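Data first, discussion second: the structure below is written as structure tokens.
Which chain is which? They are A, B and C, in the order written, and residues in each are numbered from 1.
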Amino acid sequence: MDARIGVRNTKSILFKSLIIFLAFVVTIPLIIVLLYIIKQGVMQVNWHFLTHVPAPEGEKGGGIANALVGSILIVGMSSIVAIPVGILAGIYLSENPGTKLAYYSGLCVDILQGVPSIVMGIVVYFWIVKPFGFSAISGSIALAIMMLPIVIRSTEQTLLLLPPSLKEAALSLGVPYHRVILKVIVPCGFAGILSGIILSIARIIGETAPLLFTALGSNYLSTNVTGAMESLPHLIFTYATSPYDDQHDLAWGASFILLMFVLILNIVTKLITRKWKIQL
Amino acid sequence: MKNKRLDLSYSQMKWETVFRRILIVMSAIILVLVVGVFITLIVESWPSIKSLGIGYLWGKVWDPVNNIYGAYPFLLGTLLTSFTALIISIPFSYSIAIYLGEYNPKGWLSDLLKNTIELIAAVPSIIYGFWALFVLVPVVRSLETKIGVAPYGVGVFTASLVLAVMIIPYAAALGTSLIRMVPSPLKEGAYALGATRFEVIRSVILPYNRSGLFAGILLSLGRALGETMAVTVMIGNTSAIANSFKEIFFGPGNTMASVIANEFAEADHTLYLSALIELGLVLFFVTVIINLIGKRIITRYTNN
Amino acid sequence: MENTVVSATNFNAWFGDNHVVKDVTIGIERNQCVAVMGPSGCGKTTFLRCINRMHELIPEATAKGSLKLYSDDVYTMNPIYVRYKIGMVFQRPNPFPNLSIYDNVIAGYKLNGLKMPKADLDNIVQKSLTSAALWNEVKDSLHKKGTFLSGGQQQRLCIARAIAMEPEVILFDEPTSALDPISTSSVEQLFHELKEKYTLIIVTHNMQQAARVSDKTAFFYVGELVEFDDTKQMFTAPTDIRTQNYITGRFS
């Protein structure tokens, strides 16, 4: 009897060790990737790098200003579209959970979340690029559609967690429904909604596939949103697969910048959820 | 004052209706978007569906120059990379889930691991692809020379490795919440009967979560199937099927996503383009169905 | 009658097919404190919520019959305006967590976009908090959020918030059932002062409270208004046998 217990206990300890090992081993590839990108990229980044466009092929120097400005513009435009639509749709879903529209709309949100980004890119190509040509706007729309599910779900879940007594109190004071939502409910759920927004931005800022056939890319610094525009992930893709070492260097620098953006956004989200959570 | 309030109450009633309508419109937009995506995919792949028929799916030759299209190489590439990635990642995902869900749910170490895993999901896929191209490919190349296969470096195997790391967080996050939700009385009953930790995990926690853990696998799979950029950079872009499994696995190939990414811009005639879109349609269907099944299982779970 | 503030005639209310308020006829006079009591599920809270038209906000909730504020039928008036005139205090204190104490008191104005000069608002805040017996305790922390207030203080803040709207009637839905005894008595003391300016209708599960604070009491049972009489009379010599049974504790 004792021997059996001993064996079983040993098994349990071995299992625990295996689990711990496997769980923490996963961090190694991440650390390797992060360190490598930082090492290769940080050397590239200087003021010249951030303010100049790439040099012609084969030449040294240049920078990623076109991609930097492009990413900011494209992501900015996506946010302007996706944030209001996403929040309002999220409000609808949390306020009307039983309706048919809520059911099918919610289903579509789940579907949209699973659509591969390349598929989204080619669909927007047919919707917008074919009739109007390549443009930053078309890229933004593809990205905005990808942002929507994240913003909608986080808004919906944040609002569902709020106590119904909040709405009741406002309604009893004669506050009309739209003001109850916009001036009481949404402000109380601000932390959750904001983190959803920031997470969705962090997600799309690194997306390449939807931009391949919409915003394309360009060697020129441009703020014309009706024309092609470069972006950080697209530049990385193009230059990573090019034969020129100088372009590889630019891609490392761009990767570093992109990585920093994503990291900062994720950290900011964590801080927001911790600090701004309104005590209910 | 009273009149002011009376007037205000009437104008506010109007705004209420406007607001409610706006909410409905916004929700409807989502529906319209999804229906639009579906319709566009079908319309644009119609020429190919019509002329190539169902045989397209198992056609083994992809030769745009001669207008011959067969999707089999890409189905093969997609399935190989995704399932290999899945098989590699699942033990890690669920180890993380068991660790964070059962052994160490709270505390600084657990938070650290949780944040690290979330970081893995946050890194853009093109960065993984770029890094892998310069760091992983040479390593795989020397591995391939050692085992006697053609040393491409790029290929299905390398892509699977990168993909495996990228999809770990999905099943891990889901698994962690599911394992944490196992009711204490169930576990305590087992401990009271003298079970060891391992036995409780094996006989109580994991069976309790069987369908949920399966859903986690589905979600990771859905993510793997749809991944484009890292795979495109890693996979070697060859549409021909090699002869032996070893050659296929360690050699270059293509997935549905990567061939679209690579050849969409070059597709100059209708049939070529629509054959590519048809791949997109298949990809759309498969990923959507897998994701929906996964999510349904989870909602049924969390409601029980 | 000019003196009747709230009157119901053959008033009914449903939740879907469930007939919860059956044919209620009652007249409540100005500056009275009326307690509404009865066992769980007797329709007292539903009836209360019909008065300020909160009932209809629940899906599938319907109501029929006459319910008047003075001579105007509440159901033909603009519901927003009704709620300006008839305030409500809830069972769980629910001050707005994202607003300061000051803003909570004038929430009815602020959230509605009713613009008023700051001096007037300051005045309203002070008067309302004083009437709610909370002024001295919070006058130095008006711009802080009310999270540090005790349950009883929060409830008095909610009362101040209702008072600030200068309603005719204030409805109370079991206002002290979530409070400790000390807070409960501080709120009960308020009722005596408040009824000088407002008409109070208080749903309560607590018979002793009804006996302590009200002038008249209404007894509801299974949706019907069984008896409505002066409180003293109701508790010493009730007319209906059901009232008698409830009071003597045959059921609760």
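The rule is short, and it goes like this: contacts are C-beta pairs under 8 Å (C-beta built on N, C-alpha and C of every residue); 3 or more make two chains touch, one makes a residue touch a chain.
Note that this is a predicted model, so its numbers are computed, not measured.
Undergrad: Once the contact rule is applied, which chains count as partners of both chain A and chain B?
TA: C
Undergrad: If I average the Cα coordinates per chain and compare with the overall Cα mean, which chain comes out closest?
TA: Smallest centre-to-centre distance to the global C-alpha mean: chain A.
Undergrad: If you average the Cα atoms of chain A and of chain B to get two centres, how far apart are those centres in Å?
TA: 16
Undergrad: Counting only Cα atoms for the centres, state how far chain A is from chain C in Å.
TA: That gives a centre separation of 48 Å.
Undergrad: When the centre of a chain is set as the mean of its C-alpha atoms, what distance in Å lies between chain B and chain C?
TA: About 55 Å separates the centre of chain B from that of chain C.
Undergrad: If you look at chain A, which of its residues touch at least two other chains?
TA: 174, 176, 179, in rising order.
Undergrad: Identify all positions of chain C at which a residue touches two or more other chains, and write them in rising order.
TA: Residues 80-81, 84, 112-113 of chain C each touch two or more of the other chains.
Undergrad: Show the residues in chain B shared as contacts by 2 or more other chains, in ascending order.
TA: 9, 12-13
Undergrad: Which residues of chain A touch chain B in their complex?
TA: Answer in residue numbers: 8-9, 11-12, 15-16, 18-27, 29-30, 32-34, 36-37, 85, 88-89, 91-93, 95-96, 101-102, 104-105, 107-120, 122-123, 125-127, 145, 148, 152, 174, 176-179, 181-182, 202-203, 205-209, 212-213, 233, 236-237, 240-241, 248, 251, 255, 258-259, 262-263, 266, 270.
Undergrad: Which positions of chain C touch chain A when the two form their complex?
TA: Where chain C meets chain A, its residues are 52, 54, 57, 59, 80-84, 87-88, 90, 92, 94-98, 107-108, 111-113, 147, 158, 161-162, 165.
Undergrad: Any idea which chain A residues touch chain C in the complex?
TA: These residues of chain A touch chain C: 98, 163, 165-166, 168-176, 179-180, 183-184, 187-188, 190, 278-280.
Undergrad: Name, in rising order, each residue of chain C that touches chain B in their complex.
TA: Interface residues on the chain C side: 78, 80-81, 84, 112-114.
Undergrad: In the complex of these two chains, what residues of chain B are touching chain A?
TA: Touch residues, chain B against chain A: 9, 12-13, 15-16, 18-20, 22-24, 26-31, 33-34, 36-37, 40-41, 44, 91-92, 95-96, 98-100, 103, 113, 115-120, 122-131, 133-135, 165, 168, 196-199, 201, 222, 225-229, 233, 257, 260-261, 264-265, 276-277, 280, 283-284, 287-288, 290-292, 295.
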